[in-house]
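Below you'll find the structure I mean.
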Amino acid sequence: MAMVNRPQFLPWLPPIGRKTLFALAVAFICFAFAFPVLWLILTSLRPESGVYYVHRGTEFTLASFAEVLSDERIVAAFLNSALISTLATVFSLLVTVSSGYMLSRFTGPASRLWFGTIYVFRCVPYISWVLPLYFVTQSWGLYDTYTGLLLPHIAVHICFFSWLMKGFFDGIDPSMEYAAMIDGCTRWGAFIRVAVPSALPAISALAVLCWLFTWNEFLFALILTGNRVPVITVVMAQFVTEMGLRWNLMAATAVMALLPAFLIALFGQKYVIRGLRI
Amino acid sequence: QVKELRIGYQPSPIQDASIAMFEAWGAKNGVKIVKVPNSYGVYVEKMTASLTSNSDQYDVIWHNDDWGQTWAHLLEPTDDVEANKFGSKWSMSPIVFANAQGQNTVVPMGQTFSVFFYRSDLVKPEEVPKTLDELVTMSKKLQADGKVKFGYVGGMSMNHSWFSWFWSMWANNCDVLLPAYERDNKKLAEAGWKSSLTDPCMQKTVEYWWDAINTHKISPRGMPAYDRNEANAIFMAGDAAFTVADTLWWGTFNDPNKSKIVGKVAAARFPLGPDRKKPFGWDDIWGWAIPKSIPEERKKLAKQMLNAMMLDEEGQTKLFKSTGAPPPNTTFWPKIAEQDAFMKLLKEAVLDSPDKVRGAYYFPQWPAVHKAFNDAVTKAVTGKREDIAKVLAENAPLVSKAAQ
Amino acid sequence: MAAISLSKLNKHYGSLFHAVKDVDLEIADKEFVALVGPSGCGKSTTLRMIAGLEDITSGDIRIGNKVVNHLPPRDRDVAMVFQNYALYQHMSVYDNLAFGLRNKKTPEAEIRTAIDRAAGMLGLHDLLQRKPKQLSGGQQQRVALGRCIVRNPQVFLFDEPLSNLDAKLRAQMRIEIKRLHAEIPTTSVFVTHDQVEAMTLGDRVVIMRDGRIQQIGTPLQVYGKPANKFVAGFIGAPAMNFIDVNVRSAAGVTSVEAEGLRLTIGPADAAALAIHSGRRVIMGMRPEHLSLGAGAPGLGFDAHVEVVEQLGSEILLETRVGNASITAARVPAETAIARGDQVRLSAQAGRLHFFDPETELPIS
Amino acid sequence: MAAISLSKLNKHYGSLFHAVKDVDLEIADKEFVALVGPSGCGKSTTLRMIAGLEDITSGDIRIGNKVVNHLPPRDRDVAMVFQNYALYQHMSVYDNLAFGLRNKKTPEAEIRTAIDRAAGMLGLHDLLQRKPKQLSGGQQQRVALGRCIVRNPQVFLFDEPLSNLDAKLRAQMRIEIKRLHAEIPTTSVFVTHDQVEAMTLGDRVVIMRDGRIQQIGTPLQVYGKPANKFVAGFIGAPAMNFIDVNVRSAAGVTSVEAEGLRLTIGPADAAALAIHSGRRVIMGMRPEHLSLGAGAPGLGFDAHVEVVEQLGSEILLETRVGNASITAARVPAETAIARGDQVRLSAQAGRLHFFDPETELPIS
Amino acid sequence: MFGEQQRFVLLLIAPAALLLLLFQVVPIVIGANASFRDWALYNPKKTWIGFDHYVAVITDPAFLYVVLPNTFLFMVLSVAGALVAGLALALLLNRPFRGQKLVQTILLVPLMVAPVIAAIMIRWIFNDQFGIVNVVLEAIGLEGQPWLVQRWSAFGIILLTDIWLWTPWFTLLLLAGLQSLPKEPFEAAAIDGTTTWRVFRYLTLPMLRPVIVVCVVIRAIDAFRTFDIVWTLTGGGPGRSTELFSLYAYVHAFLNLDLGRGSAAAIIGGLVILVIGVVLYRLVDRIAKA
């Protein structure tokens, strides 16, 4: 690597001091960043009598995890959440890749209108939206069904992801698609067989983010599901009762929910950083 | 065809115990009980939306006095549930649950109210503070002796106002709206939905808490933002000598898994303020209701089930044992009280109290009023002491306005 | 195989920008036509209209006597090589070559044969399993050519296919394309902004400027008889020297004059120039037609050397004559000459060009 | 102003890749040295080590007699022009030029004077307020030069500054750089992969290959006396033709033979070749030293024309002789000649090069 | 060709448009419709009352003098904070050092937890009794604070949480942006003798500007709508002093069960952010084209 990419911090310090200081600073930042989650993990390991006064006492136990796992709904909820996150990711990308492509490659009134629509609806607050959404899903018979949870989740992402996908496609030279069209592809062929594969890095970046967003989504899940489609965030929310919070169980569930998200983020970050260049 | 009943509820020990009775009945009568838990955070809004959209998602739903009047017109009358006559007359008053035709719309599930808890290892029953002033002196003494960090800790923020604001207000012969203790909407309207914030009794109450927190330091400075989780956590950790909480927590305070003060808790009457001489009790119910929109035969089935539940002595005894909430059938109370000291205490302190107050108001604007009230007193107690009167006066019109 | 005919072809972008103006061009079957012009002159647009990638505003395009104005690209049976190659990055070379044929549902066995043949012709055999990113520029260029060859189309279109290559490779690929056209004669249109490429590759060269065709002709025609000053300056490297001169006709002798320069014009040009006598015209002299030394009488002038460019085989001189810059090529490499020297240059009789300063058309 | 000296300079990337190998080079004060070689040969790496952008693995770099091995770039007092210009896109041309001076806290008045002078020299006056995106390639190139000039550094470094320009502009900028160096003589190192640029610009040319220097010499030296076959092939355009030939010495006459070709060697080369009699050597002939027609006896051969490249001023012929490809330049433009014709070419006596097939060193 | 292209364009957006229509436009229209009607959730009379709800909202002093200023302040500070933190972290991650990958993973942690859970955790962490922050402060001899009953500390904690949640997002986008910057201008600057600060100020920052502006627009819109963490952390308290516009709408629609009033408030907020967004977006466009 060239030297210039590393201008020195605090050039007046001796190298050893600089290194130590740097390491300390980085360690501190990491600690501060991870702290709430570390604390959550610690909390989940404390017996119920110690989930608030986490710092008082040194008993640790897996009892909360055992209790949570003994509920068969929790397993179902994990599977459901995984399924819904995955499906929502796949479908969100299916619809937004094509819509972003359209925004990038065509500059007609249709494109401007669509962009305007997306922009306007991106600005609408969720509050004015979820409750009518409940009416709508209920009257269409979609309340508390996979479809009824999945489709709105996809709809949420349309505006944002279409916008991002447009940016990604703007960065891809269209001549490959022209070549494909001359090579006998229809426009669809050129889009699916050539443009989409070249946008894969961006698509995988969005996939990772979309999965995480959906996995952690609360409000829609809360409003749109009953008991037939328990998802993990709703199960967590059910630990908030009229008679107080079952914080130990909630923390344990949250920690378990952290694990898949962590794995996705761990293995996905490479694609995210590579793909997010707009 | 399998008969089934769908129960819309919200997981909590009382409801779980009540549903256990449904299930026992269902097993005997060949009815499948389908439990549909809902999240607390959105229960009322979702259920309201469901009721107004005439869906038949639920046959029996959890009902509560706070929204008794909000739903009354959407619910099936339950006057024909015979065993309802055994319910508490006070709690099932028409003011709370009757529809426009005066028909009752609830079947009780259990009594829910708060009591004054104290640390029996630190305070002898005869030393328990009887007045707010005694609460201060007793607390200061315990703190000075290094027995506890704080005298009193209780919930204060919105939705948990009851645990400190409401009882202390009542103890000062005060209420959210004037005239005090009035719940007849017509009379309240005649009085112009007058807020009590400008009443001297309210100022006294706020000043009491201001002093408790800032002058006497018997309560933590963060208390105005506490909800019940935080207050109870501190109490259960042994850091406070007194609290006010739902009777339900009796079980929790005495659960070695959850609490550090097992066997060191007792309950008593609320300490009184200078303006009130007679002790008072506060008593509400949770109940079950049947949506109007479901088919007739299921309504009938649901009523049969609820009737059976009301008569299930074994189940109701279990309900009390597991939760500390007095069961819905008042005729079982004496028997339980004979075996159980806590029930005896509850009967004396609250249930049999001749002077009872109601926790909420019964009209649709109540949540807005409650919030306006809570915002006002929180603002006053977290501000400067000399500004209290001013803040209360400024906010009084907002409470009245919210009620209209 | 097919002829291409463009008639009254126009392209507007939006309502303001007129990119291609009334282009008429007939390309014979199997002919290789090079389209050359400065950047932004509308070459690519024209080519893309032929390919069907851009709709036409007005006019007609015929391929093999069929009007294709509204045919989508896939139905025109053309193949195209792009400036940046436009290889499918996510496919192997083999799949890149096979893509077009697979679109036509050609049996795999046939595809294999076709690719085998093309790979042999272009020396791609060892690269078939690689991805485009693993290839050098020249190799990518060959794959792009291969992709066209295997489809055996009616028409080849090239959009500056060599401009991303370095000088050496460019010369080499030029010859390869030329050889390819000889082996598989196919109607071809080659767009470039490099006149050397246009000259060496095209059977005919089409010079465009600002959306309009300036001249169509064989390489020798456009070099020797440029249709206007623009073409004269554009074709030939180093570029033609232009000098403002005054025409003097006296005593039957026509001469042109500028500061530091006075040339006697031969009879062929003199006739045409005579009517401009006393007026200003633009004289063009190609660097390769200037030589060091006295030369024929009346054709020499003194020049002040400003830059000496030693090419090994010859020297290029940048000189100053009066206030004009004049480049001379073809100075023998071993000549001892340096910046600041004074040299005598002489023009070749009959190789001078004259243009009208207003119309920029040749005077002859 | 300062001389540059590289001694035993090495650069490793990682533990495996040895990018620059034992480079020794002395550059005199105010000299203009061109560093040329194929892509990946280590030119840029060498230049970047001089600039201080890359640490050196071993060896020494001196600028003006001071070892600068570990000096950061800003303390070396060098200026650099990058291939893609590396202009600061978001700053106006003026700010681009001023940036380096402002770093040194030069007073604004002085900056203005310096920029004024540079802008005058490069004709940038009208562009000072524009952003780089609003400039053409050649103008950007000039700004990049200007940015170096204003700083008035000890050393100019150029990393392929012309390779993004088109042919015409490249020739023009070449002359401008040459002129600039004449006006402000500064020690300069110019990296390029284009031998024409190297030859025309460099006082001396350094040819590199695989991290090693192959030859250092004036343009005429490297053209006329290449140090090995690689240099011979690299310098000169079109490239030298190489043919495997057998040496035959009989009856005092030395000749070389290949399929379809038999040339009699003049006395100068004969002496050196004699010891290789009966063995295979590589013969090099530059295209510009082959001419059409019979020529001197014993130096002609028949060739089969494969590609004809009409340049207007001359024709390049690609021909086949036996199984060798031979290119001939300098065929008069008007010659009537076509693919498939049989022609007679003749070599120039004394202009033939011979190389040992093993060592690739010249035989002489 | 023209027909085909038209069809292609429509088909490309058809699935997205359909979903958007069904699950976003329709509900929003229902909400918008409710905002003109007497539409209490428990008693939807649905009688047309015109702009009454809108008038009620914009004449509500709490909305004008508390909620809107809070919301704007929150938006500006949250976006600025996350931007600065994200930029600093992106710059940190853009240089190679040992453990860089690990640090990068740790910095992504906020993306992995549900915001509501994080907010509850942070509420406990800042509790004045059992919260670890006060415990630590008191252990080192400082006075613990009742963080959540003081307006500005409560506001600060909400901000901190929001910034914590969103910094990774900025870090990712900016890091991706940094990694795609050409390196030659930086080398040119190194030769030109620039200090680290000047490189950052005059090169890195301006070159990143397009990415920054896109991030800022997207985040500003989202920050304006922030709801759940505020609701969990303070519920708008103490005494409405940290109430944001989405809480205002929520309280009306969900707590008071007045869908009409709540929708009107939400729509007013939506219009405000729309205008801000358009202004910001113009800015993006101008900067992107400059």
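Read from first to last, the chains carry the letters A, B, C, D and E; within each, the first residue is number 1.
Everything that follows uses one rule, which is that a residue touches a chain if its C-beta (ideal position, glycine included) is under 8 Å from a C-beta of that chain, and two chains touch if they have at least 3 such contacts.
Keep in mind that what you see is a predicted model, and the values were worked out from it rather than measured.
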item: Path length in the contact graph (subunit A to subunit E, fewest steps); value: 1
item: Other chains in touch with both subunit A and subunit B; value: E
item: Chain centre separation in whole Å, for subunit C relative to subunit A (CA means); value: 54
item: Chain centre separation (subunit B, subunit D; CA means) in Å; value: 92
item: Distance between the centres, which are taken as Cα means, of subunit D and subunit C, whole angstrom; value: 25
item: Cα-centroid distance, subunit B relative to subunit E, in whole angstrom; value: 37
item: Junction residues of subunit E, two or more chains touched; value: 4, 41, 124, 127, 130, 187, 189-190, 195, 253-254
item: Set of subunit A residues in contact with two or more other chains; value: 2-4, 52-53, 56, 131, 135, 186, 237, 245, 247
item: Per-residue overlap in subunit C, given as positions that touch at least 2 other chains; value: 52, 72
item: Subunit A residues touching subunit C - in the complex, by the definition given at the top; value: 173, 175-176, 178-186, 189, 194, 197-198, 200
item: In the complex with subunit E, residue positions of subunit A that touch it; value: 1-9, 11, 22, 26, 29-30, 33-37, 39-40, 43, 52-56, 94-96, 98-99, 101-102, 106, 108, 110-111, 114, 117-133, 135-136, 151-152, 154-156, 158-160, 162-163, 167, 186-188, 191, 209, 212, 215-219, 233, 236-237, 245, 247, 250-251, 254, 257-258, 261-262, 265-266, 269, 272-278
item: Touching residues on subunit D, where the partner in the complex is subunit C; value: 39, 163, 166-168, 171, 174-175, 178-179, 182, 193-196, 199-200, 219-220, 222-224, 235-239, 286, 288, 306-307, 309-314, 316, 318, 333-334, 339
item: For the subunit D and subunit E complex, residues of the former touching the latter; value: 51-53, 72-76, 78-80, 82-84, 86-91, 99-100, 103-104, 131, 147, 151
item: In the complex with subunit B, residue positions of subunit E that touch it; value: 40-44, 62, 124, 127-130, 146-150, 154, 234-235, 237-241, 251, 253-257
